[in-house]
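Below is one structure; the comments refer to it alone.
Chain naming follows the written order as A, B, C, D, E and F, and within any one chain the residues start at number 1.
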Amino acid sequence: MEAVFLSFILMLSIFLGFELISKVPATLHTPLMSGANAISGITVLGALVAAGANNSEMATWLGGASVFFAVINVVGGYMVTDRMLAMFRKKPTGDAA
Amino acid sequence: MEAVFLSFILMLSIFLGFELISKVPATLHTPLMSGANAISGITVLGALVAAGANNSEMATWLGGASVFFAVINVVGGYMVTDRMLAMFRKKPTGDAA
Amino acid sequence: MNLSAELVNFAYIISAALFILGLKMLGHPDSARRGNLYSAVGMALAIIVTLLADSIVSFEVIALATLGGTVVGALAARLVAMTSMPEMVALFNGSGGAASLLVGWAALYDEILGTSAPSTFILVTIILSILIGGVTASGSLIAYAKLAERMTTAAIVFPGQRVVNSLILVGIVGSSVMFCLEPALGSQWFWVLLALSLVLGVMAVIPIGGADMPVVISLLNSYSGLAACAAGFAIGNNLLIVAGSLVGASGIILTNIMCKAMNRSLANVLFSGFGAAKAATKVEGEVKPIVADDAFLILEAAQSVTFVPGYGMAVAQAQHVVRELGELLEKNGAEVNFAIHPVAGRMPGHMNVLLAEANVSYEQLVEMDDINPRLPNTDVVVVIGANDVVNPAAREDENSPIYGMPIINVDHARTVFVLKRSMGSGFSGVDNPLFFKENTRMLFGDAKQSISALVAEFKS
Amino acid sequence: MNLSAELVNFAYIISAALFILGLKMLGHPDSARRGNLYSAVGMALAIIVTLLADSIVSFEVIALATLGGTVVGALAARLVAMTSMPEMVALFNGSGGAASLLVGWAALYDEILGTSAPSTFILVTIILSILIGGVTASGSLIAYAKLAERMTTAAIVFPGQRVVNSLILVGIVGSSVMFCLEPALGSQWFWVLLALSLVLGVMAVIPIGGADMPVVISLLNSYSGLAACAAGFAIGNNLLIVAGSLVGASGIILTNIMCKAMNRSLANVLFSGFGAAKAATKVEGEVKPIVADDAFLILEAAQSVTFVPGYGMAVAQAQHVVRELGELLEKNGAEVNFAIHPVAGRMPGHMNVLLAEANVSYEQLVEMDDINPRLPNTDVVVVIGANDVVNPAAREDENSPIYGMPIINVDHARTVFVLKRSMGSGFSGVDNPLFFKENTRMLFGDAKQSISALVAEFKS
Amino acid sequence: MLIGVPKETIAGELRAPLVPASVKKLVKLGLEVAVEASMGEAAGFSDEAYVEAGARIESDRAALLGAADLVLRIRKPSDDDVALLKSGAMHASLLDPFNERGLIDTLAAKGVTAISMEMVPRSTRAQKMDVLSSQANLAGYVTVMLAARQINKIFPMMMTPAGTISPARVFIIGAGVAGLQAIATAKRLGARVDAFDTRPVVAEQVQSLGAKFLEIDLGDTGQTDQGYARELTPEQLEKQREGMKAAIAQADVVITTAQVFGRPAPRIVGADMVAGMRPGSVIVDMAVETGGNVEGSKVGEVVDVNGVKIIGLGNLPSEVAQNASEMFSANLFNLVDEFWDAEGKSFGLDLEDDILKSCVITHDGAIVNETIKNL
Amino acid sequence: MLIGVPKETIAGELRAPLVPASVKKLVKLGLEVAVEASMGEAAGFSDEAYVEAGARIESDRAALLGAADLVLRIRKPSDDDVALLKSGAMHASLLDPFNERGLIDTLAAKGVTAISMEMVPRSTRAQKMDVLSSQANLAGYVTVMLAARQINKIFPMMMTPAGTISPARVFIIGAGVAGLQAIATAKRLGARVDAFDTRPVVAEQVQSLGAKFLEIDLGDTGQTDQGYARELTPEQLEKQREGMKAAIAQADVVITTAQVFGRPAPRIVGADMVAGMRPGSVIVDMAVETGGNVEGSKVGEVVDVNGVKIIGLGNLPSEVAQNASEMFSANLFNLVDEFWDAEGKSFGLDLEDDILKSCVITHDGAIVNETIKNL
């Protein structure tokens, strides 16, 4: 039954992903990509569980490595996105163009 | 745990509902409402289970009544929506206006 | 053939996807009809797999009820006159609500007669299903009666209305709590809850005028989605939850859109039953600003639109976008005019020069004396940077320096948008009471930018 | 403090909602930065509750790894030059892929060492997580190397590439099947799979030129979402599934949008590694139509746009919308010109009359002789109902009746859109080879309607 | 009440003070109208049209003027005409009261209630009676047509197989009613238009027509509360000349419309500036009748100064006499209509009224207008 | 090679065949240019400007014509001028070859290679040398300016405090190059414009300028492959007159530009139609020099028929002589440039070339043009 729920969730998420990113101005392509990339760092949760569950030593080390990579992705991803977006000052609204 | 999944699904569905109906032309308000109304006839599933599960007599009768009402909603809803939409012939594209 | 719960649920996923697609397509004129079909296919699929599922063992009642429902629904949908569609939708919606109520009720039997004691979570969802279902059912019936003019279409207001409503709410909460504490099949709290739910539906709808009914139906529609969602929780059915919350969420949005198209706020409708008595006394002299999004919805629904350009249009050099907006409105089916006041602008013929430059055809230009008698039947007047030439003080205020000057009586139109940058006065320096009128909305900002925003809305 | 699985998951729901909101807001310039913050908060929440959950018992490794990752990530994000952002994103993406690969690998230990034998479903998801993670990791590294010019930015193509790639795919499928049949920790099939996944990532990216890298990164980003999603299935984590599929779906869409902005098809990029060798030989004389949606994306990314109006603009009376499109492009930061050929239209000065009517300033009008040297550096030329005046036959084909007439050399620009209703010829009746050129796209339809569609895209 | 409309006598005056359409409306109000024979002919309105509209044709001018309770005309009356009026009659026309003290005194002496149409205030309410505006508007259009005929170039830009013709540059000095219409007309024809005025509010108005405003810092200038320009100090005028020099030298066409109400027109374009212009270019001096904005302009003549043509045609509205008559007539009708008491069948001569207070000059044998009395 | 440019001698011809800008370009190509003294004065180009551009001023006309290898001028040469030419010289100008057989023969006899500018084909490639187009274009603009000056109305619509002025109605007959420019100009000024032409392709062109096309079913009309109109049959012409009657009666301004290449202009507007027009309205007959489209029009005169003014001014491009000269000169320059062999420093007189084949009339003592030879 869990697979059913998960599939439901998958289906809904996919639709939602499509709806959310329907029309984005070209200037936002890179930050959006970078922001989405940071979200994909969510693997960090799996990594944490793997590293912390103490199941087997190998799993712990693999988990530790994956925490390391995932955290790079998360921290670096959000920070770099924020830096990019900080550059988007609103253009001064100019004269009655 | 089921409640968790169901809540996940609820959250996603609400977001999706919002995204889907973001901008609709005024002419489509009524058919859209009617079409959504037909979908809300989905209660028919619950009604079917209630009427068919043979749990208790009262439940069966209540279920039967609810099947009746739900089916009205479903059948009538879809048909009336279709009738409304059938009136929307595309305007002839006219001259180079 | 008995399908496993997994298989049924995978089929439900497909149904849900079809509903989502269907709703999406219903939002675009070209695809709407196909969207409705998709959604119907999704429904059929869901019904079929449910019937095939192993939980359903007897079919007699189902067959009978389905037949009955199909006949009634189909006949109603076929025979109703095109003009009575809205009330028909209200009735259908009501029966959806009734179905939810009954499903909740039936679930109660299953739960209480079931093996283990019902959890509070389940009980709450059942109560919600009954409550929302009941409100939807009785509310939709009243809405139907108002639309079909089987009862007065006027808002029904009586003294103490708010008190009564509050009492009902308290009663509902109280009886729910009592029932949860002591769930039993014949419990008097259950009956109280049931009755109060139905009464609440009635009370919620009677104080709303007939013209607002479409909004109310849309809202009730959203409620019936929520009822289905609650029923889904009660009986643990994913598809009910997905479809119900989809309808619930999209219904709320749609209601909001419709409110804006009628120039009212959602809160105003949601709580109208509880504040209607108060709403009658409005503050005089209140300025009501509007944003382009909302103005668009009103323009989109308008059948006749008159533009009244003034010096501000020239300053903003908005003539080109104005012509474009006019074209879009015409394409949208509205009748569009430009009413030119003789002294508009800063030189004789100022507006003519600009509108000719923008290629507005001479046929669309109407003189003041010709437009004034037509204004009471005009849905929307858009005043673009004009001020003195639409100042009702010239008609009403004997002490005004411009008293006696003929003006364009835009305040006689159903709705007036005034596009200017501030509350400032025009050439003559006279304040303008138009800005404070009941049917006036101020769209502040440079006229070209405001109109461009409207055009953008039309194109998206 | 140990949180129950329920509580953790409810927190996950909030996280997921924050991700969704964040993504939505990232799509609008005004809210993008706040959106990123929301999404970061969601991530923080998810991490905290996961750490507090009862499944995590030892923290040493975690603390160390987190510290290390934070320092590396933060330093990289801080220190990188603004211009090297894209390659940085590629690296981050690669480490995300590596993380998924490792999570899958670790899950393998849990599953195989666990109480019951691992189900095939779980195994498949684990394999997917390793495969997609591996492709993402190595592919991103190559993309980084190309962008940072640590390796040749040119497409690397070699004979037999397709064969090699096919062999790799076969190898991956084969080793996966073998591993599923006989899951064991030290299985050689596992190592083969791991190695081949990494090799596949490399092979997929090397045949793509440096200019296409942003698209590739976007695609790899989408892959890394899918990898997270697969990992979520493998370890039964909802948030991984939701967030992963959100990123996966939105990444694909974004990739598609970016492809269009570069005037390429998604399929072209997706399978470029397998068809690049073939793509070099293009059919001569092929007409490439384009729709307004796609044309919009290219125009939106353009720095310089030149309009070339002709008689068709007059026939369509498109001058007003053309001016509007010009204004929108300028607002978007592009340099906009109107190149007027002396004989365009049907009377001397025909274009001038129309453009003046539409209020195009004289400063924007450029004569043929002045525009021609600038065209090779022009991103997009939009030919609006002109034909003879842009016909390269006048330059190239000695037998053409118009040979020797000076024309506007629009074919020298990077991209040319030709707006006309058909493939028909102009006044002189001479066929136009421009329509078949590599960099020409035909936007068929009435010019006013086509331009209006572009304007609508810009405004939505 | 009898309205009498004599034929205009001044040479070159083609306009008619009243057109048949207005006659019809006046008759509907309950007034009688008598017009002198062939009064509207020059503007394209035949006697038959007047008769059809309800007027009586009178060929005896003396009888007409002697009988009328209200005389409507365009130009100021000659002394002979005043002598014919009956005492107590009303008379509405242009009067030029600042410069015609003799005439005013005669009118007062005769006991005539004289309304000076140029003294109608420039308020939003009175605009419909404002002949200065309505005629200046047409004059502004005519200036551009005159310039277009005289210059050996075309106005619009044209990119043609035989090369590109650059748009004519038109520079307009004084952007009041006439100046603005000139701007609009020249813009329509495709010229590149710049304009200058001393009143600072005008900059926005010029831009609202899509033309450029030439910024010259003159210090404090301002305008009267009637919206007229104040006279500049000699230093300011010098500054202005300096600032405009380059613009004039560049221009193919210069149109001057500068006026200061009640004063001679300011002399703005000097001989040096004319000399700075390209041979073949054209100047239209619309202020030529009140002294001229341009050195060397002569009323009714086209003066050629080293290839630069200075057009000094007077009475420009007469060039489009039909429309000008229609407008003038509508203004007069609006005046009568505004104060006509339909029940009492009389003209409500309320000298406290804002409008009448400023435009009635003489009444009951005396000069009643404050401004004119204290001149 | 020496280019000689004599001064135009025909009265009222203000244009110059060559302007200094073109002289400069010719000199750059390696040609010598000599112009007669004060040749460009009337169009606004001084002798100094020519000298500056690299030309030599020659006051002796006979010497100029006798020395030139290529003579460029606007109008056809007089017999005296032809006599002065040296044998073997080239001569490019308008020649009116259909009607000037005598002149053609003289030119042939003298051994001159005569190019008739009106015979330049109407192909896309030759358009830059096409003086008929470039001059007709300007003439079209001038017709509207003439009408605007003559009529006693304004063109645009104006809604003013003194009432609404309705836009002038302009009806344009013949929408070739000149007609189209007249349409555009009248539209710009704000008039309501209708147009008619016998060639069916023109309807779309008229609409492309925002004007209305009057539909009259004449049966088969068509055009020549040069884009010129065919002559109508008498029945068709009658039908056309009938169909246009209402449009003409409604119009304030009628502008006729109808021509049939090589024939007298068709007589389209009869006296009855003129009589049907409102007094005060105006007709501009642009075809007056080739016989006139309007009954009663006279070359160089404004005829008043019961208040309707028929303007029959000839040589309209001369009214905007500066631009007209620039265009004519650019056309001539383009002709020389197209066939100039820069290395061989000679004019590549390839009689097989499409363009030269149709515009070279005489060469080597004979008439070489097929059309003219077989006339």
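Just so it is clear, contacts are C-beta pairs under 8 Å (C-beta built on N, C-alpha and C of every residue); 3 or more make two chains touch, one makes a residue touch a chain.
Everything numeric in this text was worked out from a predicted model, so none of it was measured.
Q: Applying the touch definition from the top, give me the chains sitting in contact with each of subunit C and subunit E.
A: Shared contacts of subunit C and subunit E: D, F.
Q: Could you label the subunit E-subunit F interface same or different, taking same to mean over half of its residue numbers are used by both chains?
A: Comparing the two copies, subunit E and subunit F contact each other through largely the same residue numbers, since over half are shared.
Q: With chain centres taken as the means of their Cα atoms, state the distance from subunit B to subunit D in Å.
A: Centre-to-centre distance between subunit B and subunit D: 37 Å.
Q: What is the distance, in whole Å, between the centres of subunit A and subunit E, each centre taken as the mean of its C-alpha atoms?
A: 74
Q: What is the distance, in whole Å, between the centres of subunit E and subunit F, each centre taken as the mean of its C-alpha atoms?
A: That pair's centroid distance is 40 Å.
Q: Quick check: how many Å separate the C-alpha centres of subunit A and subunit B?
A: Roughly 34 Å separates the two chain centres.
Q: Quick one: which residues in subunit D touch 2 or more of the other chains?
A: Only 20, 24, 238, 242, 317, 342-343, 348-349, 353, 356-357, 359, 460 qualify.
Q: Residues touching two or more other chains, restricted to subunit E: which are they?
A: As it turns out, subunit E has residues touching two or more other chains at 127-128, 133-134, 137, 156, 158, 160-163, 165, 188, 190, 210.
Q: At least two other chains touched by the same residue of subunit A: list those residues.
A: Answer for subunit A, listing residues that touch two or more other chains: 1-3, 5-6, 8-9, 12-13, 15-16, 19-20.
Q: Once the touch criterion is applied, which pairs of chains come out as touching?
A: A-B, A-C, A-D, B-C, B-D, C-D, C-E, C-F, D-E, D-F, E-F
Q: Any idea which subunit E residues touch subunit D in the complex?
A: 156-165, 167, 190, 192, 210
Q: What does subunit B use to touch subunit A in their complex?
A: It is residues 1-2, 5-6, 8-9, 12-13, 15-16, 19-20 of subunit B that touch subunit A.
Q: Show which residues of subunit D lie in contact with subunit A when the two form their complex.
A: The touching residues are 19-20, 22-24, 26-30, 32-33, 35-37, 39-40, 43, 46-47, 50-51, 55-59, 61-62, 64-66, 68-70, 72-74, 76-78, 80, 82, 85-86, 88-89, 91-93, 95-96, 98-103, 105-107, 109-110, 113-114, 121, 185, 214, 217-218, 221, 224-225, 227-229, 231-251, 253-254, 257-258, 261, 297, 300-301, 327, 330-331, 460.
Q: Going by the contact rule set out above, which residues of subunit F touch subunit E in the complex?
A: Residue positions touching the partner: 14, 43-44, 46, 127-128, 130, 133-134, 137-138, 141, 145-146, 148-149, 151-154, 156, 158, 160-163, 165, 185, 188-190, 278-280, 307, 319-323, 326-328, 330-331, 334.
Q: Which residues of subunit B touch subunit C in the complex?
A: So the residues of subunit B touching subunit C come out as 2-3, 6, 9-10, 13-18, 20-56, 58-88, 90, 97.
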